[in-house]
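The same subunit A turns up in both complexes below, where it pairs with subunit B and then with subunit C.
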Partner chain A sequence: MSKRRVFVLMLLVLALPLIVFISMSVGVLPVSPLGLILASLSPNHEVNPVAWAVIWYLRLPRALMAVMAGAVLAIAGVVLQGSLRNPLVSPFTLGVSSGASFGAALAIVLGVGIVGMGAYLIMANAFVFALLATFITLGIARLRGMTAESVILAGIAVMYMFSAGVTLLQYVAREWELTELVYWLMGDLSKASWHRLRYTVLAVIVCIPLFKFAWDLNVLMMGDDAAKSLGTDPSMTRVACACLSALAVSIVVCMTGPIGFIGLMAPHLARLVVGSDHRFLMPTSALIGALLLSTADLVARTIMMPLELPVGVVTAFFGVPLFVHLLLRTRREIWR
Partner chain B sequence: MVRDITVSYGSIRALDGVSVELESGKITSIVGPNGAGKTTLLKCINGIVRPSAGVVFLDGMDIRKIKQIKLARRMGHVPQLPPLHLPLTVFETVALGRRPYVSWVLSKKDIRTVEEAMKAVGIEHLSDRYFDELSGGERQKVLIAMALAQEPEVLLLDEPTSNLDIRHQLEILNLIRRLAREKNLTVVMAIHDLNLASRFSDIMIMLKDGRIFAIGSPREVLTPENIREVYGVEVTILTNPHLLVVPIGVVP
Partner chain C sequence: MFKKCYRSAMTRLEGVLIIALIAVSVVAGYAWYMATMAPTVSARQTITIVDSAGRYVTVPWPVKRVVALTTDAAMTIVALGAKDVIVGITKYAASEPWAPNVTVVGSSFSPNIEAIVSVKPDIVITYVRWPKPEDLEEKLEPFGIKVVRLDLYKIETLFSEVKLLGLLLNRTEETEALINYWKGVYENITSRVSELAPENKVKVYFETYTDFKAVGPGSGWDQILRLAGGINIYADAPVTYPVVTSEDVINENPEVILKAVSTSKFDPYNATDDTPLKQIWESIVNRSGWNQIDAVKNGRVYIICAGLLHDSFGLVVELAYIAKLLYPSLFADLDPKELHRHFLEDNLGIPYAGIWIYPHE
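And now, the complex of A and B:
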């Protein structure tokens, strides 16, 4: 078992640079892998300045963003599913995505926001409201002792509240605002840049302390009481996991918009290959999430070339069959 | 060890001024009707439930002053209801008992302790099987092994024999008795079956409505009068060769 897990992890680690490499070579402007290497080796624009610019300023940051955003969504998904003991939980269950959408809608439609202007106003707003939604969820759940059920129910309530807000703003929006908002709500990676990548790195860093909770998440599978008698504080674990993952996901979502299903799918796929020990499950999920989003983005960019699909649409198309598959199988098998 | 414990859930008093001294190497069983406070008492001893009044002492030390993780190295708790679904192998499940000791990697010593715990309850051959695939008796053994992997001084068991056939009931209780003697464990178990309880316990506590109704050896506690008073059931007690409680009928 242990050897198999290490093998799987190694395989995934090796697959990652491969998908980044492919992402960099495929697109409207095809670049041969060799030319790609030459291009990335020589920053003086001699090889082919256009190819170089496309790769350096567009494709590479975007590919890296897909890797990191996918990993963050997947880790958030796995710790939330674990700490809330529910296989249908995703990083958005706490209200992060609807909060972010509402914040973005406020900025796009009414032009009101916390700081910045233009794209940054939208980003800052989305980030702040994503966190706000999480805090409202946890605040409500605290009244019921921070049990798994209370967090999930509060999250769903908050999600509906902010979604209603978004709908209202869509209703009052003017045509061009509506277009921009709808586009934002679909979630995509086209705005990736080296500058935005810095924030994504920050999101990844926020996820690192979550690994400390691997054993706590393992014993939580036994139930709250048993976890306590094994020295784990269930509500503390839930709050810490919820806050850290919400922070990380908020950072990602405020730049990409809500990209669904990665955070739900990746943990389940990881469970199938390495089992449920979170020490292996968490890194495996992260890698699978990274691969899934990279692949989805690759498909989104190339399937209707030169037209680009929003990646959120592609992940949903991947995700729905899996989701149905999950629903049709017994719960026991889902968690296997 | 347990002094004046009172626990209230809302307006309901689950435990009301319970005091007990528990001895190492001995099995203390808690009997009483449903809702008498057996599970709550176990959870209090383990620190899972905080009593609204009273103190639990471990070697003279107030357990509220002991960190939960340190306490987990000294007390093992086998819950009444094992999780319905546990997507772990038997080895992984028993290894959860090392949680109070490890931060990330299971050391050689941790792995040895887990293996010894599995051997002690006789499930080493199930190591790579999934918990979900096991029978009720095997699951119970896995949970006991998990508690043993904590290397506890105190072992708390909540209904360790419910849902088991008579062979597994005897196996589990023999195992618990052997562990109590060999490892000098303080064993406390909540149990419904009065006959099994009388066979396997050194001290018996009979609870009624959150209070201790009777305490002492099984022969002292299991009298027709006590059982009538606590359970509302008319019984005959046979004492040869083993104490046997024979229910006659419900007291009107």
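And now, the complex of A and C:
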């Protein structure tokens, strides 16, 4: 690792808490964590209970959710891009988002779910169908020996199938259900709460074993035959990576809706910074993903205050120009 | 043996101590609670109601500050003469001519919790189904803000919901007067319609904002058509908003065609020129083959502008307009325009203006 890389990594590590702090300091109400700390240190220890509740119940869970969801999407993205050897792959390539969308649409429009869970019907349904979509994808790919191409093509097929299902449900939906569904499909973090954060932590935990595959992924980048000769089983690695990342992403997506682009973009940005050695690439991607989603959510919450934009819109609108700029500026080949 | 006695004695002593400790802390806690909480609790009267979601909600009474997360709720409160209790409103309602100039708190599908908290409401009023409790009640709970769920957009529950709202605002007299007036209009129309013989009912094709998208069961329009005595030719469609073919409409041969135009296409309240409506009307009567339809032959194709008419008591005005279009002789003495004027000027406090139906006589 060159000095420059270390410097950039340090910057990222410092930027994350900073953006979380800024994000917690901005909102409709003029309250901030700093103000709370100052108030509690003041002689009479008078902390405004409303300020405290805003920070603790509204802003902190949301900020943490952005960090964790961003990191999970980015790790899943880098692992899948690596194991499938394709720069266009994102966590949603396996059909996770379209499966989740279909599950949510079923719950919203028809009120039916595989598991009857009342208030959490939409979430549970989205989760179950996200996993279902992944298993169908992997099941089809298995028939063709689990090659990178077969996984991607199967994923695309499954994605179209579930998307068609969503379109059909939109067609039969009543106007209110349609509006609710459209909001869900745009993906945002406003649903963040301490309760839901517990599941997000679970998603992060699911991602941890993926780091063990860093070396296998490096080897896999040289091609299946080369990987085999170096003792890595390509299809085993692929299945393990796909299952773990799909599980983690499903947990996130069932709570936030499909937030696009982070999982595609964060790994590429990370490659620009640290190159394509997965041992460094994975943690860097996670950091960048967390940073991107936190920033995007900050923009989404504040740009049209008090109206909130769906964060998915912001990630695309602001992420794409940034991404294209970096892509054009860099001279060396970033893929491989 | 000795040891055992000793231990059991200690246990008893410990037990006594623990009970004493609990007793002391309960008393202390109660005293503390009385000292800190009691004054704020007794400062304001409360009332417990059952809202349209079937939940018991205890709220400060009379309610003095309301965030209306729906256009329907905001409009109803204005009609009750309590405009000044609204402290927060949705982005959609804020653009209406009758709306109070207060803080915008997002929409009913994505409310901004901080904005709601910032205006310190006694209650938030929203639909029965939206937003989900985990997105609203759960988040407002730390701030002690209660949510009352009232739909106010369905004619069958409108009057009872308005009554409850009037009670919350302590405006029972105004509420009574308002309900009596509109219920009178509503019952006048529905009772006359109920005496219509089935063979005298007219067949209606109702087209929504989108071309060839009709209304089916479960839609608000279908219900209004039924109340107005019309036979919606797509009342048995498998979906709420069926997309139909030109051929099928010709085959059904409706006696009346109604087309709804959205506010974004044509703002009826501020309109002075009816050319856009005329163009829409012409595009319908000139659809190929439609000159075979009775409605077109007899000049019974009408454009209805939806703005302002689709919320709260506007529904009754809308019902009156449609009933009169379907049965002009049965409702010869009914004057929808007068009802509309009353609604806008006397209820909402804005001048009666605009173009709402085309062709207008």
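The definition used in the following text is that the second predicted complex is superposed on the first by the 298 of 336 C-alpha atoms of A that agree within 3 Å, B and C clash if a C-alpha of one lies under 4 Å from a C-alpha of the other, contacts with A are read in each partner's own complex, and residues count from 1 in each chain.
Definition applied: a residue touches a chain if its C-beta (ideal position, glycine included) is under 8 Å from a C-beta of that chain, and two chains touch if they have at least 3 such contacts.
Everything numeric here is computed off the predicted structure, so don't read it as measured data.
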Original post:
Given the superposition on subunit A, are subunit B and subunit C in a clash or a fit?
Top reply: fit
Original post:
Does subunit B (first) or subunit C (second) touch A:250, or do both, or does neither?
Top reply: neither
Original post:
Touch check for A:176: first (subunit B), second (subunit C), both, or neither?
Top reply: second
**OP:** Considering only touches as defined above, state whether A:215 meets subunit B (first), subunit C (second), both or neither.
**Re:** first
**OP:** Scan A:137 for contacts with subunit B and subunit C and give back first, second, both or neither.
**Re:** neither
**OP:** Tell me which partner A:276 touches in the superposition: subunit B (first), subunit C (second), both or neither.
**Re:** first
Original post:
First (subunit B), second (subunit C), both or neither: which does A:101 touch?
Top reply: neither
**OP:** Scan A:294 for contacts with subunit B and subunit C and give back first, second, both or neither.
**Re:** neither
Original post:
Where does A:228 make contact in the superposed view: on subunit B (first), on subunit C (second), on both, or on neither?
Top reply: first
**OP:** Quick one: classify A:315 as touching subunit B (first), subunit C (second), both or neither.
**Re:** neither
**OP:** Between subunit B and subunit C, report the minimum C-alpha distance in the superposition, expressed in whole angstrom.
**Re:** 43
Original post:
Where on subunit A do the contacts from subunit B and from subunit C line up?
Top reply: none
Subject >> Sites on subunit C touched by subunit A in the complex >> reply: 91, 103-107, 109-110, 112-115, 117-118, 129-130, 132-135, 138-139, 142-143, 218-219, 238-241, 243
Original post:
Where on subunit A is subunit B touching in the complex?
Top reply: 1, 214-216, 218-219, 221-223, 225-226, 228-233, 271, 275-277, 279, 331-332, 335-336
Original post:
Which positions of subunit A touch subunit C when the two form their complex?
Top reply: 27-29, 50, 53-54, 56-58, 119-120, 122, 171-176, 179-180, 183, 188, 190-191, 193, 195, 305-308, 310
Original post:
Given the complex with subunit A, which residues does subunit B contribute to the contact?
Top reply: 43, 46-48, 67-73, 75-77, 79, 81, 83, 85-89, 92, 96-97, 99-100, 102-104, 128, 130, 132, 150
